[in-house]
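Pasting the structures here.
Okay, so chain A shows up in both of these, paired with chain B first and chain C after.
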Partner chain A sequence: MIVLARTALAVALVTAPLWLASSYHVHVLIMAGIFVILASSLNVLLGYTGLLSLGHAAFFGIGAYTSALLALKLEWSFWLALPAAAALAGTAGWAIGRLALKLRGAYFVLVTISFAGVIALVSTNWMELTNGPLGLPGIPAPALGPWSLRTKTAYYYLVLAAAAVAYLVCARLVRSRIGRAFLALRENEPLAESVGVDSTHYLVLATVVSAAMAGVAGSLYAHYTRFVSPEVFLFSYTVTMVIMVVAGGKGTLAGPVVGAVLFTILPEALREATSWQWQMLVYGVLLVLLVFFLPRGIVPGLQRLAPRRTP
Partner chain B sequence: MDVLLQHLINGLVLGGTYALLGIGLTLIFGLMNVVNFAHGEFYTLGAYTAFAALALAGVGFFTALGTAIVVGAALGGLCERVLLRPLRGESIDTTMLVMIGVWIAMQNAELLGWGGVAKTIPHPFPTAPLTLGPLSVAPLRVFVFVTALALIAAAHLLIQRTRLGRAMRATFQDRDTAALMGVRIGRIHTATFAFGSALAAAAGALLGPVFLVYPSMGDLASLKAFSVVILGGLGNLAGATLGGLVLGVAEELGAGYVSSGYRDAVGFVIIILVLLFRPSGLFARAERIG
Partner chain C sequence: MSLAVRGLGVQFGGVTALADVSFAVQPGTITSLIGPNGAGKTTAFNAITGYLRPSRGSVLYDGAPIVGLRPSQISQRGVVRTFQKTSVFPTLSVEANVMIGLHLRGRAGLWRILAGHRSVRAEEARLAAHAAEILAFVGLAHRRQAEASALPYGEQRLVELAVALAAEPRMLLLDEPAAGMTGGEKDIVSGLIRRIRDGGVTVFLVEHDMRMVMGISDTVIVLNNGRVIAEGDPAAIRSHPEVIRAYLGAGAPRG
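Now for the complex of A and B:
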């Protein structure tokens, strides 16, 4: 049954561009895929180690700018720029992770917000490098051998593959010894340390992985929209990611995926009916309602509803 | 030297309102253990309330200021009573998410209600600056600074001299013991949140006429309030006052001598550096209120 459902889902995802009505729908799916990567990356931190990063848009933005600048100024190929974006975002994550040594809870949140604030100001003010608020246009589309991934359909498969890899990385990570260490630290840090879990080591690792994944999403975003501006650092990106993770179910693998798909498609579907401000207003109210009525998220909520099956 | 003095004066004027913001936040943070990301929205609320009272209801400038404070207190109290009281005892992350939700909802409600175009609040003060030798300062700014200081003094008196203030200090030191001694913790929390929000609204109504009023003005205000709280140490009222003045001056100096584009980075850098090197705040002896 589960195998059947999974196969059906896989077939549906792979054939999606063939039966979707328009390229606009493919576009929505591409954005959903990018947000799946982002939400999954935030989930590694928020869901598995319990650290809330409210500066996650910074890693996304660093990835986007790194990839864009390497492609534009040094004419690197996308396939080199993407890992470089991941590496630089991961390095930034490492720096932030080192702060997690000392800070927990609200203080960690504040450092991540401040970090994102500084990076956003740099992107606006460092005209020579980033072209300031005007942004960087004309980022080339990736090419695979002789084929340019310029069309939406081609890019869809690229993002689908990247999202699948991100999901598998998360799955492997959280089911490994490392993932169990994350959970132990989330549940009871002193107890985990007392049995030999090195909190510094694992928390830094979690931030690096999370930031690098967000950097990959940034690179994919930059080469898809082919334009980056300081708007990639907008706080609303971070808020959207947090809502996706919290609504989907933090600390579950499927949660961020469900959350990301839902909260990319839903606003697009509502776009005709409402303005952006209403949408954000609804997000705010929704976040409050979720905390009150569905504190563990959609996926754990559904799991509780579904009848127990023998594996 | 004159330029430096001028920067110092401008910085102190800004710093007075930052201190107001910081005191409200440090009380809420310290006493209720709630990271109030919506704090800046109460600042925005104060500015818009003052604007609405002046421009739409046509009351005087000082009445508008008072209205902003009352509305801030009322909405803050309501927010605590409806959203935070049921969550008392939940983890700090839970209430933080709720306050982030309130922040986004309030900001976008303001955007919908008032539109994105910035508003100016008219004020009755002469626009010609007061000059003292080479230094000059607008009368409005003097008024803002003096009012901020008066409100800070009132806050100190409330905490140190009144029954409510004593109950607040007791709750901060040991919630359970305070409850055993007959302090009604729920009420103290509501009062604290209302009081903190009122101070934020006052800061908004004061700075509104100096700058412009727009829906996202609260974001920076929140961050500045957090910088002030971190500078001063959690729950430290005197620290928040000093921290506010230090931040105001640091921003002016940063904008004047480094680059005006990075003015708002000063607060961020302060947060990061203080948390890294002196997490209990610059002026901390121990974590206690007062």
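Now for the complex of A and C:
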């Protein structure tokens, strides 16, 4: 039954561009895929180590700008710019992780917000490098050998592959001794230390992995929209990510995926269905209902309804 | 493999929790630290295991100083503790709790894990088998899949013990392992502590239950007002005048 459902899902995802009515729908799916990577990256921190980063858009933006600048100024190929974006975002994550060494809870949240604020200011004011608020237009589309991934359909497959890899990275990580160390720190840090889990090492590792994944999402975003501006650092991006993780189910692998797809499609669907006055209202009411009836998120809620699988 | 505490002092602001405490725990023994509430027993545990930085004095394990090391570094050297208040990983399964305790027995690094290397799966299987052995030892094999916080109190304390044992201690510090347990559960814990010692692990415990302390200890150290007032085998402690005055009282159980 589960195998059947998974096969059906895989077939549907792979054939989606063929049966979707318009390229606009493919665009929505591409954005959903990018948000799947982002939400999954935030989930590594929020869901598994319990650290809330409200500056996650900073890692996304660093990835987007790194990739864009390397492609525009140094004419790097996308395939080199993408890992570079991950590396630089990961380095920023390392710096934030070192701070987590001393800070927990609300203080950590404040540091991440401030960090995103500073990075956004740099992107707006360092005119020579980032072109300030005007942004960087004309980022080239990735090419795969002789083929340019310029079309939405081609880019869809690129993002699908990246999202699948991101999911796999999270799955392997959280089911390993490293993932257990993350959980141990979320559940009971003094006890984790008492059995030799080095809290500093693992909190830094979690932020680096999380930030690098967000950097990958940023790079994919930059080469898709072909334009980056300081808007990538908007606080609303971070809030959207948090909603996706919490509503989908933090600390589960499928939660951020479900949350990202749902909350990318929902605003678009509302835009088609109703006038703008009603869009945010319906969105808000749906969110409140969701939190009210499924406080631990959609995926854990459904898991409780379904008969328990014996592992 | 002995633990030596020399001139240990801990100040909290103006309050002296430990004044000048010196004692040694001999390898292969069960040693108990007893004393009235507020005597500084848990403070001593916290200072030894790195959760608290002592104001002065030294702690030597195996001849090497361990003051100033982080708790995880101290447990990596084989000194593992449990906590006075029930302390488990609450929303995780009993098995996952023990698997976390086995953290240092695993070697898999980030890249091998992300690559899905064959050795990682083999290691996981080995750790799971080890976890099953430990759960069988403490008598929780049937609770493997239960969520830790859903267990009755006594069993949660056994989960704690299993987590500590998983970290392969050479010296195990137990902070009131039998507090709040029923008589039957206390007997089970006493039996387990003896078997742990017989397996070559030095056990150092804080406990209020005198029947248990006198029953299992090789050596008893008595703390009062932040000082050691007596040290010796259970018989000597039971008849020590200062201990009777400060802690046991005249009607103390004789055996």
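Keep this in mind: the second predicted complex is superposed on the first by the 286 of 311 C-alpha atoms of A that agree within 3 Å, B and C clash if a C-alpha of one lies under 4 Å from a C-alpha of the other, contacts with A are read in each partner's own complex, and residues count from 1 in each chain.
Keep this in mind: contacts are C-beta pairs under 8 Å (C-beta built on N, C-alpha and C of every residue); 3 or more make two chains touch, one makes a residue touch a chain.
Small disclaimer: the values here were computed from a predicted structure and weren't measured.
*Asks:* Answer with first, second, both or neither: which of chain B and chain C does A:Q277 touch in the superposed model?
*Replies:* Touch status of A:Q277: first partner only.
*Asks:* Figure out whether A:G138 sits in contact with chain B (first) or chain C (second), or with both, or with neither.
*Replies:* In the superposition, A:G138 contacts neither chain B nor chain C.
*Asks:* So, A:F292: does it touch chain B (first), chain C (second), both, or neither?
*Replies:* Once the two structures are laid over each other on A, A:F292 reaches chain B alone.
*Asks:* Look at A:R177 in the shared chain and tell me whether it touches chain B only, chain C only, both, or neither; answer first, second, both or neither.
*Replies:* In the superposition, A:R177 touches chain C alone.
*Asks:* Looking at chain A, does chain B or chain C touch a larger number of its residues?
*Replies:* Counted on chain A, the partner with more touching residues turns out to be B.
*Asks:* Per the contact definition in the header, classify A:P146: touching chain B only (first), chain C only (second), both, or neither.
*Replies:* neither
*Asks:* Tell me the contact category for A:L191 with respect to chain B and chain C: first, second, both or neither.
*Replies:* second
*Asks:* Take the contacts of chain A with chain B and those with chain C, and give the residues found in both.
*Replies:* After superposing on chain A, no chain A residue contacts both chain B and chain C.
*Asks:* In the complex formed with chain B, which residues of chain A make contact?
*Replies:* 50, 52, 54, 99, 102-103, 105-107, 109-111, 113-115, 117-118, 121, 124-125, 235, 239, 242, 246, 275, 277-278, 280-281, 283-288, 290-292, 295
*Asks:* Under the definition above, what is the set of chain C residues touching chain A in their complex?
*Replies:* Residue positions touching the partner: 49, 51, 70-73, 75-76, 80-83, 87-92, 96, 99-104, 106, 108, 110, 113-114, 116, 120, 123-124, 127, 145, 163-164, 166-167.
*Asks:* Touching residues of chain B toward chain A in the complex: what are they?
*Replies:* Contacts found on chain B: 29, 35, 83, 86-87, 92-94, 96-98, 100-109, 111-112, 219, 223, 226, 230, 259, 261-262, 264-265, 267-269, 271-272, 275-276, 279.
*Asks:* Where on chain A is chain C touching in the complex?
*Replies:* Contact set of chain A toward chain C: 169, 172-173, 176-178, 180-181, 183-184, 187-188, 190-199, 205, 209, 311.
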